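Okay, got some structures for you below.
Here chain A shows up in two complexes: once beside chain B, once beside chain C.
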Partner chain A sequence: MHNRFLRRFKQNRIGMSGLFIFLFLLILAIFAPVIAPYDPWDYSFGYLLPPSIDHLLGTNDIGYDLFSELLWSLRTSIFFGISVGAIASIIGLLIGVSAAISGGLYDIIVMRIADALLAIPTIMVLILIAAYFKPSTIVLIIALSLIIWQTIARGARAQTLSLKSKLHIKAARNMGASTPYIIFKHILPELFPLFAMGFVTKVRIAVFMEAGLSFLGIFDPTSKSLGIMMNYAMRYLYLDVWYNWLFPTVISLSMLIISLALMSYAIEEIFDPRLRRDNIA
Partner chain B sequence: MLTLFVFRKYILSKRWVKIVTVYLMTVFILLFLNFLLPRLLPGDVIIAMYSGQEMLITDELYNELIILHGLDKPLIEQFYIYITQLAHGDLGYSYISHASTTGLIMEALPWTLLLVFSSFILSSIAGIILGVESSWRRGGRFDRSLLMFMLLIDGIPSLALGIMFLTVFSLYCGWFPTAGALTPYSDATGISYVIDVLWHLILPLGAITLSQIPGDYLLIRNSMLLTIREPFVLTARAKGIKERRIKYLHTARNAILPFFTRIGIRIVYVITGVLFIETIFAYPGLGLLTYEAISNRDLPLMQGIFTISVLLVLVVNIIVDISYKKIDPRIEYA
Partner chain C sequence: MLKFKNLNVQYQISDASKASDASNKSIIALDNISLNVNKGECVSIIGESGSGKSTLALASMKLLAPNASMSGSILLDDIDISNLTDKEMENIRWNKISLVFQNYGDVLNPVHKIIDQIAEPLIKNGESRKVALDRSLEMIDLLKIKPGRSTLFPHQISAGERQRVLIAMALITDPDILVLDEPAASVDAITRLHLVKIIQQQVKAQKAVLMITHDLSFATLCSDRISVLYSGNIIESLPSAELMDSQRHPYTRALVRSFPLMERTKELAGVRGIPPSQFPEKKPKGCIFAPRCTQSIEVCLQKHPKAKLRDLNGQGEYFVVCHRGGIATMISVKNIDKSYKDIAVLKNISLTLDEGEILALVGETGSGKTTLAYLIAGTIKLDSGEIIFRTRKVGEIDKLEFSKKVGIIYQSPRDSISHRFTIFEAIAEPLKIHGLFNGGSADKIKNALREVQLPVDEFFMKKYPHELSGGELQRVAIARALILKPDLLIADESTSFLDPSVQAKILKLLLDLQNEHGISMIFITHDIGVARKVSDKIAVLYDGRIVENAPSHQLIENPQHEYTKFLIDAVRGSKIS
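Here is the complex of A and B:
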């Protein structure tokens, strides 16, 4: 399952183009301190300079170099996205598998909570949490992970339930395999595509939420974020800064989310064999 | 008693026990976040609530605020007061705007509902038609290019879409207004009022609708691809039924079902999108109110908006759950 999934993904042109865009942005983000020509907190340049060789995208209203700021903001977005994606998918997987294995009241309660979380607008919860606590990145990463695990848990639970009745698992159990052994050896490897799917969709939600929340002014205004850059650029639109300030930010955010959307579409296509193109009757 | 009789089949069924449990859980999460969490927090609630304000908290004011919020009473009594107020439609008092939160929200709510429901309907229609047509021509040029286009649009967040619409169509082309839902000080009535509302509505509505279409399209397209393979489609063909009839009345009629079960989830996406779109276009709905609440650190107002948005989603879910049997008669009630 696992190996076949990776091979299928490599053959999927939509998925691979998404992956390449994502890796490109990821490298930019990781090496931002090396690539960025200036310190993004250095405001010793002129105000609102147009793009030039010294400043590829010009400078902003207080004299930050916009290109450096953009790279650092991308770094924030990707860091936030990957952290939330990893934590939320692990929580979802743990809850889903444990609910399917244990069953009973625990299963019922946990799955009802999962259903209820679907009806709660995530963004409003984050706004409230940010108002109660200091709006720190760590708090928001944890809060967001705690409210978006439900889709992964549902998928993991359904798949574990169907796996539990499969012959090879029954055989393993009859030969005396313990529950942890079965979970780690037989169930979790089969859940890899689901994990990959969940991870990509959750990264996507998190990147969007980070940009959106900082656009609304939740985060510290001195930190570097695509949302904050957009918010400030909107205030200076009358000075024709759209081409060097607003649009590069908007396009970077869109590129990041497009790459994730392409990957999640491809995984879904591989995951559900009935949607596969080579299956046309 | 009569109500009990009318709803007896709902009360008895297993499905409704499950659904009502989910509703109760949702309300519990709402109460936890609005009522319990701020009171459980370490540190002082009053200081936390008002620390961002440009006001000096003297001992006298502090005591006054404690009594205003009822924080001197035991937790159970506070909870009782909170629930009673909520039941009376009182979402609390905003000390920053010096107004009733309910009043502020009710003023903004109609504009948000206008945006949410019109975009919901428009994007559903567009998503269904495009999804059906695309899946029917699977693998063809129309299908492939539409799919690629939709995947790209799907990746552009509503926030980015709204900003681009505003910059291009309002600021540079000047075709549409840049802010508000009505032209200020023009007491237009009748037809000219409607036209004014529509003129202000088009861009925010267009942005939010366009951002929703790809999700609907992909859902319908996938569901169609699975339904086309069902034997009843083949039967319909064999009977010589017209192509368009098979497409819409046989296949799409069945492929649309997952679309309905997901209405409750999709309405949450629309509300999230509307929040940003309203902020960008300064459209006077709940989104703009939220933005103002954040900039003023107006906690009661944020809690009120949260309550209203959860209730809105719940109402939509209840309607979907009740009418689901009409949409899919195969569902079992007993």
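Here is the complex of A and C:
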């Protein structure tokens, strides 16, 4: 499996197209302050202007430039998604590996917590938290991360357990290797594909969650978000604004989620030989 | 009787081309030798070439080359010949003492018939020519030289016959003391046996016989005592019955391992390294054998060891010159038990492993071989009993420190080497783990690769395990196991998955490396056929117990336990019913 992961990913057309779409959106998000023609909080333009050279997507009901707002909303979504993805997968990896390595009571306790979390409907918990505590984005990122790490932890634990009994790791131990050495040199490199897949999946979930919650209006209404944009656009559906307001927003969100889904599909295919299309033998 | 007392012999070397740097260079041939050969006994001197054996033989007749200088005394009965003049020696040579010269092409006079040459010492002693020639014919008969050959010239007879002519010359005067220098070197096995009989007759006739030989089995057949000469020093003196299986000095053991003994099953291996320089200023400061020894410790390099006398019921003067009192025990396992949950894997196991020894653990799968080896390596804990490594208990030695002393080669290198590591990284791993990876490590790794006969170019070192064949990869595993210069090597079924040709090469490599590094080895195998080619001792495990533990050739030739017999028969494929 070694090193072949990246090579296989490069050969995978689905994965690569997902990656390209994601990178395109990521660049837009990162350079939003440069690319966006106007300040997204500047409402000094006319109301509900149709698309023109000045305003590529026109303006909204209170005079925001929609194109600028879209770029900034994308920025929020991707930032939220990547943060949650990174935090949740790192927590999952830490807990999974440490549970497998140490075993005993610690293993039992954290894995029971993971099981409990699996049973909790994430979206309901998040709605409750957001509605009652009105937390900031950062707190929400952490809250979401704390309730979706369990699948990664379970995967990491299972794989570490099977790695632990591998002969080359036993050999390293017999050579006198310390546990940190084994974890960093032998176990973590092997867990990279699992980490990559977990990360992409969690990013996708987080992006979707963020959009959904802000669409429901539970989020801070002054922040820029694809969900909020959709929410507002829906109010003016009776006007003929869907093509420049709702449609670009929905397309952006869909592209983001689809790109992530394509990547995780590709990783899963590389990971699981049974899904491999070139698996003829 | 013949007695050497504090005998020293040095050869002056006057090398004209190097006269400027050292006008009076000398090398030490014999260093403080004391040896008694009593009446009615045969003493053998064994040792590698260049150890001073022939010098000792020549010294006993005062026939040393002109550039030799001698001190100490040589007593023939009560006469100290070291002070005698050449004239006085004339009366003693061939009369009281005879020497059988080493059989070079030119020791016999090419213009005299052999019957005359055999008679010559007798004629010199004043015997009449007629009687001398009759005696000569008797000797020719005694030594089974074909009768028709008595009138031939030395170049017309074979080397084996010339050897017997030399012996006949020595025996014809019927001396009290007989010195033989390599008498069996150029004779066939059947003649050799005849020579054994002749020497035994001489011993029975109350002669003192000193025999110089490198033929160990000839030495044990002829003599009562054996002294081992190494670089001009006697380093061990032992009863000949102990030579083959219970020698005490590591050098003696190395000699025995080099000797093609008929019943020996293990592959031959020379004494590792090369003999020390004989220039006094370049001699090792401590024990002369230390650089080649398999068990040298700090003190061996510092101080010259003293002879440790061994008391064998007061008989003879047996001793071993070694700081460690002879071959030392590296590991002793005492009454250990081990069980996994309710399953008892090892029951009351005791065994020892000497320094520089190869022990094979043989038994069917599940008999506890691997568990025993890993208990010794300290990677798993034992339930009861104790394992002592040199002087310390295995459990009490720091794990990191101990893991440096034990190298392990596993059954499958594909599993034991991470597929993520290049060959270079795989061999570097133990160095990295022990914090020893530095600028010089690349050279170390290249050397290790050379030792296991693998290429050392960048291209090869950057390959990944899956690009190598099983045999190549096992070599990498061996290099990795040896990179920290361990004292003990454990090979856990390391060759059983290889095809016979590759297995043969790996086994040979493993044995060579074990010999060159001078380390101990535990060789785990289910194949007693492989074990007999590799090991000095075999321990047979059955159901968690050692049912038999003996030197390999004894165990194969004469198995004591039913299970061992069964195992050997199973390998032979006989008794299929």
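Here are a few things to note about the model shown:
Following the convention adopted for this analysis, the second predicted complex is superposed on the first by the 275 of 281 C-alpha atoms of A that agree within 3 Å, B and C clash if a C-alpha of one lies under 4 Å from a C-alpha of the other, contacts with A are read in each partner's own complex, and residues count from 1 in each chain.
In the analysis below, contacts are C-beta pairs under 8 Å (C-beta built on N, C-alpha and C of every residue); 3 or more make two chains touch, one makes a residue touch a chain.
All values derive from a computational prediction rather than experimental measurement.
After alignment on the shared chain A, the placement of chain B and chain C results in a side-by-side fit free of clashes. Note on chain A: of its two partners chain C and chain B, the one contacting more of its residues is B.
Of the two partner chains, chain B is the only one that A:230 touches; chain C does not reach it. Seen from the CA centre of chain A, chain B and chain C lie at an angle of 110° in the overlaid model, rounded to the nearest 10. By the touch criterion defined above, A:113 lies against chain B but remains apart from chain C after alignment on the C-alpha atoms of chain A.
When the two complexes are overlaid on their common chain A, residue A:253 makes contact with chain B while staying clear of chain C.
Contact with chain B, but none with chain C, is seen for A:261 once the two complexes are overlaid on the shared chain.
With both structures placed on the common chain, the touch criterion links A:167 to chain C but leaves chain B unconnected.
Of the two partner chains placed by superposition, only chain C is touched by A:176; chain B is not.
With chain A used as the common frame, chain B approaches chain C to a shortest CA-CA distance of 20 Å. Residues of chain C touching chain A in their complex: 374, 377, 379, 399-400, 402-404, 406, 408, 410, 412, 415-420, 429-430, 433-434, 464.
Here chain A touches chain B in the complex through residues 14, 112-113, 115-125, 127-129, 131-133, 208, 211-212, 215-218, 227, 230, 234, 237, 242, 246-247, 250, 253-255, 257-262, 265, 268, 272, 274-275, 277, 280-281, going by the rule given at the top.
Residues of chain B touching chain A in their complex: 18, 21-23, 25-26, 28-30, 33-34, 37-38, 41, 48, 138-139, 148, 151-152, 154-157, 159-160, 163-164, 167, 171, 218, 222, 225-226, 229, 264-265, 268, 271-272, 275-276, 279-280, 290-291, 294-295, 297, 299, 302-303, 305-306, 309-310, 313-314, 317.
Touching chain C in their complex are the following residues of chain A: 1-3, 166-178, 181, 186, 189-190.
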